[in-house]
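All chains are identified by letter, namely A, B, C and D, in their written order; residue positions are counted from 1 within each chain.
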Amino acid sequence: MNHPPTHAKVLEGDAAFPRVARRAGQRTIPVSFGGVLIGGRGFAVIAGPCSVEGPEQIHTAASEVARRGADVLRGGAFKPRTSPYSFQGLGLEGLAMMREAADAHGLPLVTEVLTPERVEAMAPQVDAFQVGARNMHNTALLHALGATERPILLKRGFGSTLTEWLLAAEHIASAGNERIVLCERGIRAFGTETRFTLDLAGALWAQDQSHLPVIVDPSHAIGQPSLIPRAAAAVLAAGLDGLMVEVHPSPEEALSDGAQALTLDRFEAMMRDLKTLDARRPLIAWGERSEEGGRG
Amino acid sequence: MNHPPTHAKVLEGDAAFPRVARRAGQRTIPVSFGGVLIGGRGFAVIAGPCSVEGPEQIHTAASEVARRGADVLRGGAFKPRTSPYSFQGLGLEGLAMMREAADAHGLPLVTEVLTPERVEAMAPQVDAFQVGARNMHNTALLHALGATERPILLKRGFGSTLTEWLLAAEHIASAGNERIVLCERGIRAFGTETRFTLDLAGALWAQDQSHLPVIVDPSHAIGQPSLIPRAAAAVLAAGLDGLMVEVHPSPEEALSDGAQALTLDRFEAMMRDLKTLDARRPLIAWGERSEEGGRG
Amino acid sequence: MNHPPTHAKVLEGDAAFPRVARRAGQRTIPVSFGGVLIGGRGFAVIAGPCSVEGPEQIHTAASEVARRGADVLRGGAFKPRTSPYSFQGLGLEGLAMMREAADAHGLPLVTEVLTPERVEAMAPQVDAFQVGARNMHNTALLHALGATERPILLKRGFGSTLTEWLLAAEHIASAGNERIVLCERGIRAFGTETRFTLDLAGALWAQDQSHLPVIVDPSHAIGQPSLIPRAAAAVLAAGLDGLMVEVHPSPEEALSDGAQALTLDRFEAMMRDLKTLDARRPLIAWGERSEEGGRG
Amino acid sequence: MNHPPTHAKVLEGDAAFPRVARRAGQRTIPVSFGGVLIGGRGFAVIAGPCSVEGPEQIHTAASEVARRGADVLRGGAFKPRTSPYSFQGLGLEGLAMMREAADAHGLPLVTEVLTPERVEAMAPQVDAFQVGARNMHNTALLHALGATERPILLKRGFGSTLTEWLLAAEHIASAGNERIVLCERGIRAFGTETRFTLDLAGALWAQDQSHLPVIVDPSHAIGQPSLIPRAAAAVLAAGLDGLMVEVHPSPEEALSDGAQALTLDRFEAMMRDLKTLDARRPLIAWGERSEEGGRG
């Protein structure tokens, strides 16, 4: 296995988040999203549009990202919106469209759930539930997800510390579900040139502190498609476990977040670069032979 | 040449920072630090201790980082200190020690200058001047550096926007010196788990907006040696132009910033990883074939 | 009436938050918490412990804050906790204790609700519902509160912009309930000397943009009891509509947030100061005779 | 004397900033700006335009602010500019105009100094030197100001912690000059609705930790004239020592920062409010009778 070593101060026994803390010498415990392993040998790419907008759009998206090497389909059926007057998603109907599109192209799917009471209805249709950044502190939702069989993609809140992020994972784990993947998606800092501030080092810190796989969403973090392929290469080379990106067949027609979505051409070029780099991944030690000793 | 493509909105004519702005199709203009090209085909590694502490320490440091592949020696002779009661550096005497150590091991050197009036006295001894994060807004210093022949390593202020960073470079350039390398070193955000917040996407934004080379200092940004090799791999894979890291033969004895310095073993492992990745660099297109067209 | 004038750019028709936006010349629309008017002539003080810990503690707290001039009792029965292993509150039983204590001392009460499904069960017992900072983006909860008859105290998320705060209020209003009081409680910035950063100017901005009353919680924002009485005086003099503070009869024994609670002595001294200042409130014009013209 | 009490943990002997730290029971040590005492019984108002633009402008400004009760004249002759292409100020000539205008209207003046070598030339013309936010970490400048007889107005850097601010004061004090007034002027946080984030609680923290007077500049912090009079009232009521505001006879014609300057009418209304509140200042105890005991 070629997962980066962990040199972090080991959190034992009295850790703040005992269930998700990485113990001395412990490797990352992979999590399966419908058969796609995240946190294992490979680097997982989750791709798709911000929102499901209709059967044709999600089918095209699924087909095109699958053809270019995506491992998992993303797409929002229930959208958490800042304004009550924005597009709120197509709901269960949208989820059904997405399920069909995912199946047609052999992809598992992950989608956001907003409320505890929808968990049961959505579970048969999803391979993994996403907790969005705005819900990271929604403990009722976290606890409901602790009771499902489905794995969870837990996004970091944009105003939440790294420790709070791991404690949110601990909320889910303590309620019975330890199949959690952490996803850094940018935090709020003072700059306005990028949409949020991608906290790459924070993702590495989480990787050291927890046995959970850690991936990065550069689309929301950065908001500018031209910067995303380079950030994606960085995420892979840093030894993180995967990537979540927004891809839209026609970004200019997207009902939400179109400005930050990758076109298919740019996604394709990005995937080629990731493949080029991935060939070297088994050779990288991420500083393994350091004084703290490597992994077992 | 294999520099990442630039898809940024081109800043022409009326740009806020016309001298340092990248024009349509323009490649990064490399800058030479004593013969080491930054911003060209290769990936430059600047390494050394936080402070020059004595002849033996800086000689050992220079020897050991050179042997492990560093391109440029760093080290502080004049230290900008938050407290008036901290170690302020060995001054010109320390610079002379560093010059000797650098020459003995065939490395150019870069060191920080704190005041305009010292520029002239230091210039014969340095291959490049560093402007520290605390001085990024010190326009008198920027203007004095605009009048030297030496290249400048301009660190971003930890509370400064990306645009202000490029405007600080423009201050130097408008005073006559366009040989500037930008260095992202972490910004202030709300977290405390890492020392600062490494703004990798901000460095990519600067790379798009300017023809100046852009490097990253993960040591100050992160403050935890265990995370630095992974961050370094990310910087290389993202297509940035180089790295500046603190390395100390005996971090526990360092007079300043020992806790964040890499040991020689960790530095060696990091350099091995960078070499492994660098072999792939010519094959990476960083999303080149995107809709905006590639580089010339 | 002596409410500060509003010089803000008027948001009409196409405002992002039309229901809560202040229209040209419009005064703040007061909201009643069990008979105590917030946003009217007076300055409302909401006080009490962080959590309800038992019948004796909440009775003592209610009695003591009432005797010193508090207008509304606060106290948490359902606690949103960062860690799953912290004290989660006494729940409905705690609420019943609090109701009894409030009634015994003639105070209305406000308490936090964490989930939509508890709204109905809690409604008969509360005079106002609080939405905590961690739930400001929980739209399911906001919509459920839009359907109650009870007024809402809406805290600003610590990572949320002022505009997002008003949009959260708009979510409640658009679901049918416009009796909302806004509460600034500190945001995340880079400092660590105070617990959060009290955004007083942000509260003033919200006051200009919305007809909703705006109060401030300096206890969570600052975290240091010695600074709170001065911050409280500032809030009153700035023309804001009230204050929410944590007061505990024995802070050192508190089950949560004891370190930031005011002792009864300090609360008493603070109330004396507020009374002293309040006598001048009718004489303050808050810059009324400005070029934009005064209030109606 | 009616200065707010200090309940802060006393910093003795081994304090990080021993010269500026407040000792147990110690009162604020007032500083005189050309005869106007800051940090004593009264509340000082420093007002004037951002920049000196010409003899007529600065004479009018001085006359008009003096007539409305300002205590000290502010105005920039040397401007620290983010862009090298912005108006840089009228320099020594502008300072001479300002000196004349101040004398003509019986006001002392404070103005910014940007470089150590100008301190000597400016000293005879100024009643106090200002260190701007961008120079708070410029230790060469701080040390040069430690050698003058003139008092210093030390603005907090917008990316600097409170502790760093007091350490910057300690730099000046350790170089021989303890006549320092601290000025909070807003920090960088994630919001964009106000220009910076006014850290009122941070100013209170500094007041507790140091015997130096502490004032607030709401003009730069907030950037919106309509909010400034209310913020000014807050600063007075919080027990801080004074205020610095930008006032311009014709804001729309200002060469710099016009958008944030108060008109004369708004300034006049603000001054009336401050007078109204100030009458109550001797009656306010700022929570004095707290458990830690009051001031001597």
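Please note the rule applied: contacts are C-beta pairs under 8 Å (C-beta built on N, C-alpha and C of every residue); 3 or more make two chains touch, one makes a residue touch a chain.
This structure is a prediction, so every number in the text was calculated from the model and none was measured.
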When A-D is set beside B-D, which has more C-beta pairs in contact?
B-D
From the centre of chain B, which other chain's Cα mean sits the farthest off?
C
Going by more than half of the contact pairs matching by residue number, which of B-C, C-D or A-D reproduces the interface of A-B?
C-D
Centre-of-Cα separation between chain D and chain C, whole angstrom
31
Just how far, in Å, is the C-alpha centre of chain D from the one of chain A?
47
Note: chain D sits from chain B at a C-alpha centroid distance in Å of 35
Chain A residues touching 2+ other chains are 159, 187-190, 192
Quick one: in the complex, what on chain B touches chain D?
16-17, 80-85, 114-117, 134-135, 137-140, 157-160, 164, 167, 170-171, 174-175, 187-188
Report the residues of chain D in contact with chain A in the complex, numbered from low to high.
159, 188-190, 192
Quick check: in the complex, which residue numbers of chain C touch chain D?
4, 6-8, 159, 161-163, 187-194, 197-202, 204-205, 208, 218, 221-222, 224-231, 233-239, 263, 265-266, 268-270, 272-273, 276-277, 279-280, 283-292
